[in-house]
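A short worksheet on the structure shown next.
When the chains are written out, they are named A, B, C and D in that same order, and each has its own residue count from 1.
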Amino acid sequence: MDTTMTMSMLPTLVLAQGPVPELVPGITLFHYLAVSGIMFVLGLIGFLTRRNLIVMFLCTELMFQAAGIALIAFGRFHLNHTGEAFVIFVLTVAAAEAALALALVVLLFRRKETLDGSVWTSMKG
Amino acid sequence: MMMDQMMSSLSPSFAPVWSLALSGGGGGGGEGGSALGVLASLKEVPLSAMVWLIPGLPLLGALLAGLCAVLKVRSKLPAWLMVLCLAGSFAVTFWMYQQVAATGGSTFAVVHLFDWINFNWAPGKAFVANFSLYVDPLTCLWMLFVTGLAACIALYASEYMSHDVGPGYCRFFFAFGLFVFSMACLVMGDNLLLLYLGWEGVGLCSYLLIGYFYQKPSAVAAAKKAFILNRIGDLGLALAIMLIFVKFGTIEYAKLWPMLTQYLQMAAAGQFDQIPTSVQLIAVLLTLAAFGKSAQLPLYVWLPDAMEGPTPVSALIHAATMVTAGVYLIARTLPLFQISVAPLAGLEGTWFGFVSQISALEIVAYGGGLTALLAATIGMAQFDIKRIMAYSTVSQLGFMFAGLGVLASYGAAFHVFTHAFFKATLFLACGAVMHGFAGQLDLRKLSGVMWMKGWLIVGLAMLVGCLNLAGVPFTAGYFSKDVILAEAFSVGHFRPLAWILLFTALLTAYYTFRVFFRVFVGPKHYEPGDELHAHDDHGHDHGHGDKHDHGHDAKGHDAKAHFHPHPPGWAINTVLALLAIASIAAAFAYPTYFVKGLVDTSTAQVAAGAAGHTHVGGATIFGYDPHKAMYYISGIVGAVGIITAFFLHYLGRRTAATSAADNLNLGALQRAAQNKWYVDEFYNFTIRLPLKVLSHIFHMLDKLVVDGLVNLAGLLPRAGGAGLRPSQSGVLHGYAVAMAAGIGVLGLVALLALR
Amino acid sequence: MIEKISTLWPEIALFMTTCVVMLLGLSANLNIRKLCAPVSAAGLIIAGVLAFGTTPENLSSTLPHFAMYGKLLAAVVGLLLLGLLTGVADRQYEALVASGRERFDPIRTVRGEFYAFFLFSITGLMLCAGATNLIWLFLALELVSLPTYVMIALSSGRERAMESAVKYFFLGALGAAIFLFGFVFIYGATGSVELAEITRTFVAQGRDGGINAIGLLGVLLAILGLCFKIAAVPMHLYTPDVYQGAASPVTAMLAFVPKAAGFYSLILILACVGWGGGGGLTVTQSAAGSHGALPSPIGEVLTIIAVLTMTIGNVLAVMQSSVKRVLAYSSIAHSGYMLVALIAGPGPFGTDMPSNGFAAVMMYLLSYGITNVAVFSVLAVLERRQADGTIDEVDGFGEIRGLRKRHTGLAAIFSLGILGLMGFPPLFGFFAKLPLFQSGWAGGHMALVLILGINSAIAAYYYLRLLSAALLDSPEASARNVESFERAPLAGRDMAGYCAVLAMVGLIVLPLFQVSGLQPTRWASDAGEYKAIPGLEPSRNNATTLAPAPQPVPAPEARADSPQAAR
Amino acid sequence: MLLLLILLPLAAAILVPFLGKRQVWGVALLGTLLPLIAGMVIWLSLGIDWRSSNGDISSLNQTIPWMPDLGVTIRLGLDSVSGLLVLLTLILGPIMVLCSKTAITERVRTYYGWILVLQAAMTGVFCARDLIFFYICFEFTLIPMFVLISLYGSTNRKAAAIKFFLYTFTGSIIALAGLVYIAWFHASKTGTWSFDLDVMKTAARSMPASTQWWLFLALMLGFAVKVPLFPLHTWLPLAHTEAPTAGSVVLAGVLLKLGTYAIYALAIPMLPAGAILFTPLLAVLAIIGFVAIGLVCWVQTDVKKLVAYSSVAHLGVCMLGMFALNPTGLQGSILYMINHGLSTGALFLLIGMMYERHHTRSMLEIGGLAKRMPIWATFMVFFAMASVGLPGLNGFVSEFMCLFGAWQASDTWLGSHFVAGTPGYLGPWYAVIAGVGMVVGAMYTLLMVGKVVWGPLKLPHDDHGHGHGDSHGGHDAAHAGSLPADLTGREIITLLPLAGLCLFLGLYPKPVLQAIDQSTQSTHKLILDARQTVRALEGGPIIPPMPASNNAAPADGAEMENAR
């Protein structure tokens, strides 16, 4: 399969489908996916490079939201609401995770008085 | 001791098998006869199953001896039982001989005992090697002197071993009986595999008996050496058996001879190039076997060392019987040798190409001749009288092989026959000396033994033996040696061999009488040997070889002062007298054609006769027929040898230690001969040592490379684990990065897989 | 709506139990608080019965019995795990209360929450098994994971548990993000989140030349994300640290529940993709039929993952000095073994047990769950009194050394468990591993089967180390103060002991009881049953006789030369 | 009935942990004696028929359903070959228990329990007629052996046990993979899974030669480790040296035979074409084992290690005979399995008895025991001779047949035709070179006997207050433990049956040869049939056609032409 061809064809996937008009002219599915991808990668990079646990968690939130953007775009592309429904669930889960994360971070901070994730290295090898 | 329990428990189950019905033997003679007229004279005759007693009685004796050991018998009982059994065996043999003689020769009988190795190598095609006895004149000849001598020597040993009464005594007679049984299997087996059983069996008994004084390291080493060198020969025999079977489909003599007819015809017609190399190779392999068992070059080195065993053993096994097994083998399979006269074509280009230039019979002849010469030269330089006898045995065996090689199997067999008696006599006489003088065997430390009180019979027996060995005219040894020499001279292309043999005969006469003149006549003098403590009160259960590291010298000196030689008792004297008479009487076998009759009518000889002696005869010596001229020549040669010995070792000798011969300084030559031409050392450096080094290398390879690779394989996961452990850094970010990287790599892989 | 709910009775039962347990946990009365465990057990049993009785067939069009058996497996192993977990929560605190040094404070007790989270997690696992929809699957997976983060943190007061929790949580979130992104792309490629619909679309795409790029990307990302759940390379790195830090009972749970959830999800997603090589379904009922491989590059990627997972897991386990780390690495390796069967797929016969990789995976999960509980139960029952009087877990090799002399029964269970993990005949572990070989061959994956074999041999080494430490060595000084719960003052010991015995009996009996009704193979065979979508069988390729070549059947190229975007 | 043979020792093993220390030995003896008696009864009840049966004795077949879904059943059966090996196992069982009475004084329950389990597992291997049940029993021998070595062994026992376990385990997993492939091959044809041995044999034989080639390799990896064949043997000396006496006895006596038996009963009949293709290689390895490892024996100083290495060498001959792939070689090889079990097992017993008294196995420290232990010495020489292959004792028959089989496995040599050669893949050169091993065998065995049995009495320093060479102390009380200087009645009873069998099989091997005749003939037939398969692989007639008539006179025309 020729992947490059697939990629080059992506910009042509316009979001105008049948009677539904294009939202922003010239902005295709590809652009949304690109934004989503960039967000995802940014989140990933942030996750890999930051030491602060809260920031790291925020980065994972970024990745989740990147998925959300892609979902919306796909939902629009397929002209169904499944994607949007999915986004709702993703948001909910993200919220639950956030709660968990904050609780955990509090717990950890109590122990070591730091938010640096790299201090937790007693087990290895 | 467990053997007899075993056997006693097993014998009921064997009973039906030992019902001893005469087997048909396959009627091989008849088939072959149609092809060749000569073979038609080979008839199978019925023979009473009684002959199984010939091997059976010695085995019984052995088992009884074993039983004695179990019952902790501390008397001479096992000896008497053994003598009885052996005498019975001899009686049966004699009866068997008469039966065979009555048929007028050229007959054979197969007596089936029970099936041994009997399997199908293909559906319906059997490999058969049964416990069956094959009786023909050759068998009779061999068994007569084997059982006869064994009975005599057992009697001798009953006295000789008397200091060892107890477990050792039982052990001795157990092995003794087992030996006679094995020898009987060897000689009477109706197939080559049973011969092989006897072949290895006598080897085992030889091993056990050489190592009889097992606490003496030299005896243990000698026993081991004998067994291993014999094994090399045995390998040849085993391979020969395989080759015979694959070529002819049988290893039973009765069926084998007819299969050879066609090849023998070719041989008779001189078309040796038509006979396949693989068939000709059989004889070469058999030669290897015979050389091993009969102590021929290059495998002779075990025999002199075998003298570590008790003297009766040396006399019976290592002089009279076992060592002649090689001669028997060749005499038995002579037809196979006759078709192997031509150079072994076809081996060129293989690893064994060098053999391709020589024929099997030439190997036999020259092997024998060279061994005879070499052993004689060594024998001349030795001081240990038993060893001299040992080398003389090797030398005389060489004569026999030379005889076989020049196709005078009658001469060889005759020499075996006479040699058995006179060499046994010689050994037993030496043994009596050894027994009486506490193990003293050095001819420089004994002198005038014959004139001491009670030693006359020993001396006379020794004289008879020496005369025979030296080939003094009209002795048995003279006749038998003459036949071989004459035959050698009469075959033109064996002329060098003939001269070698003649020269050896001269040396033989010399070294034989060297012993006689130094030890038995001359000034009376003796020094006891180093086995003094064996006569101490508490030392009786120790055996000869039981040396103490501590206190030996002091005790020795003390005892030496009181030492008196004890002359042999009635058993030894009787046996010596008997054997001396037998040695003399053996001479009558020549004019009466006793041996010749038996050999020439033996089946192998008849079969071989088919090939004809086309190339034999014709040559002359000094213009005379060698068969006649040799009477005079060898007589003169013998006399020259004796006279030389007389001048060098008797005339003017004042002390035991010195003689006129000491003035002859032959320098390095003498030293080398004394040291057995350094053959043992040569073998040690060229074979044993490299082998040892090789073994160590293999061991190292095994440990380091083979096992090392295994360990390496075991190490790999561990090394991998150790190498990968840092990847588990324990740092959250490290993990995250690694995961992301992993995903990236796998993504890349996916992309590549797509392309 | 009602029919959706009717598929959820076990989960609903569990949820209700969860609520009850949470309430019970707040009681000031110790005896009532102690009811948490029995009530949870009752809930699990009810859920199991409901799963068996109410789960409709053909919930999934391709895997007709998967939901039922998956839920049943969750209930059964959940019950064993529950036994193991008993007495973990609040141990220190309740010891203080019991000694009268502290007064009971409902705020400080976590017992109720602990059981509740456990039940939530099991509920999540059941939901996974019954998932028909990507959203559902995503939620179920999150429901499996989120409670475990808390449970690790709650399991003991030690710093190591914190460390475990932080690593597990953050990396888990990363993994979740990845498979979520994958799900999104699957949706994007097919326009639906219904698994049945996705299957149909993929089949159609496959027949038209291959699953499209976005779909493939989605599946790959989903697989990689799920690798975190099953602890497969490259997402395995957290495993040893997390397993070591958590309390042993929780570790036992971590080793089973998320792994099972991950494999359920993988089965469901891969079933959408199919083993048709070029995409689509391949199962034919005829013995002479052929079946292919996973579409490229999914097959290749999974193969690499499987090989690396097996090998890295085993190789790293060899050098460990901590029992729990060894078990953690071996857990990685076991995932690799199961991946072999997954790659092999449902086999040519669809229903036949040994050649069906799904059935093999289900059977292996059962075996692994039971065996795992047996081993961890021993570690859970033992504890070590430290010099300062505090109580710590048993972990080092030195501490189990000479176990046989001190606790013969525990040593026997431990060694049986280890042998079971090793796959030594005739234990259940062996009969679970045998179908892996069988399905591997049936899938034509010679290299994978051989690597599986070699890895089993490597694994034997460290299992043997554990065995000989426990059975053959003499106790070390550090093992002197290793005590079992029997002498520890508190709680839960009975349950833990029973559970260990149960597990042990299961280990031995399960394979032997094949004669009578209880047949794990039959069960696994049903669980893994795989049906082609009617009317969508691909054209057979020269399927006259199947003559297995010595080489693995080369995966037919995903001949998707014309990249078709959706529509 | 066969199940009884397996269950009896198992039942005893289950009983053992609940017994007092004193009763354990008796129960263990009973647990091994009863199966022996049961086995004897089975044999006697079969009469003479079992000897000539080709294939299983149908009256003994027994099938218990087990895992129908996996295709696994418990199927038991016996043919003449496995029957003989079962007998060997059953005979060695009581001997194992008898010889351990004084040697093992600690942890007796564990010890005898595992011995009994081992006994059951070994019997199971020979009785199994289902590949998975076979594999289960085959593997399950590892655990008892592992325990025996690692708990009751000498200094380096743990490493030895682990090496033994892992080495054989690794090999057999590969073999299992191969076996499962065969089952899959069958399943793919018929749609049902089965591991039934007979079904598998038929199925596997229909594979193309190239498939058989690599499958045979896989199976051999498992089985040759157990044998052990030359480069895969390094676990054996270690395990033998470290194992307790009974462990060594059973290791040499039966466990190694599991490998050879598996090759004979599984690998060759299932994959005859594979066997043909591997024959020369395996024969060369076998010969290297026989000769080179024989030389390695020669430089050992530890008696037990020497005998252990000699096992490798001896099994080299066994494998050579096996891969002659003709009736002679196969029969010799089977006979060798039994004979080696008897004579080498007995040698290990004897070494154990010596070790129990003098606590050393080093030939540098001990020697000349004939003086002190004449009965022991007698047995030692006897079994050494049996092991060397002295005709009249058992070793010879089989050794000769193995070598002869190799020799025969070619119908032409040096350009001439063999009357009694079978179409085969080895030939005289193999036998000639392997024959050297016979000499080497004598060298190392006699070296051992010469050092340990003969020579001046030498005892380890700490063992004997009188120092070296003091032969007068032979009957004093300064020896180890409560054992007398020489063998006790119990020890003699341990050895006597072995000695009796050695002698019986040496003098009258006919019953055994008759028994295995049919089996080997049919195996040979499979090989002959498989030549077509091989030819198809090689793409041409590589094997000379079988001569039309083997009865031809030695000098038939064809041969004469060859000779020219």
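In this text, a contact is a pair of C-beta atoms (placed from the backbone, for glycine too) under 8 Å apart; a residue touches a chain by one contact, two chains touch by 3 or more.
In this text the structure is predicted, and so the values were computed from the model without any measurement.
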* Taking contacts as defined above, which has more of them, B-C or A-C? -> A-C
* Report the chain closest to the protein's overall CA mean, measuring from each chain's own CA mean. => D
* Cα-centroid distance, chain B relative to chain C, in whole angstrom -> 77
* Asked: Cα centroid separation between chain A and chain C, in whole Å?
  -> 27
* Structure fact -> dist(centroid_CA(chain C), centroid_CA(chain D)) in Å evaluates to 43
* For chain A and chain B, let me know how many angstrom lie between their CA-based centres, rounded off. => 96
* Structure fact -> chain D touches at least 2 other chains through residues 166
* Structure fact -> Listed in rising order, chain B residues that touch 2 or more other chains are 714, 725, 728, 730, 732, 736, 751, 754
* Considering chain A alone, which of its residues make contact with at least two other chains? -> 1, 3, 44, 47, 117, 120-125
* Touching pairs of chains, which are they? -> A-B, A-C, B-C, B-D, C-D
* **chain C-touching residues of chain B, taken from the complex the two chains share** => 714, 717-718, 720-722, 724-725, 727-728, 730, 732, 734-736, 738-739, 741-743, 745-747, 749-754
* To do: Over in the complex, which chain D residues touch chain C? Could you list them?
  => 64-72, 132, 135-136, 139-140, 143, 146-147, 150-151, 158, 161-162, 165-166, 169-170, 173-174, 176-177, 180-181, 183-185, 187-193, 208, 210-211, 214
* Touching residues (chain side chain A, partner chain B) in the complex -> 1, 3, 44, 47-49, 51, 117-118, 120-125
* **Residue ranges of chain D touching chain B (in the complex, touch as defined)** => 163, 166-167, 231, 233-235, 292-293, 295-296, 298-300, 326-328, 331, 368, 370-371, 374-375, 378-379, 381-382, 385, 390-392, 396-397, 400-401, 403-404, 407-408, 413-416, 418-422, 428, 431-432, 435-436, 438-439, 442-443, 446-447, 450, 453-457, 468-469, 471, 495-496, 499-500, 503-504, 507-510, 513, 517, 521, 524, 550, 553-555, 559-560, 562-564
* Asked: Can you list the chain C residues touching chain D in their complex?
  -> 287, 348-349, 352-355, 419, 424-426, 430-431, 434-435, 437-438, 441-442, 446, 449-450, 452-454, 456-457, 460-461, 464-465, 468, 471-472, 511, 514-515, 519, 521-522, 524-525, 545-550
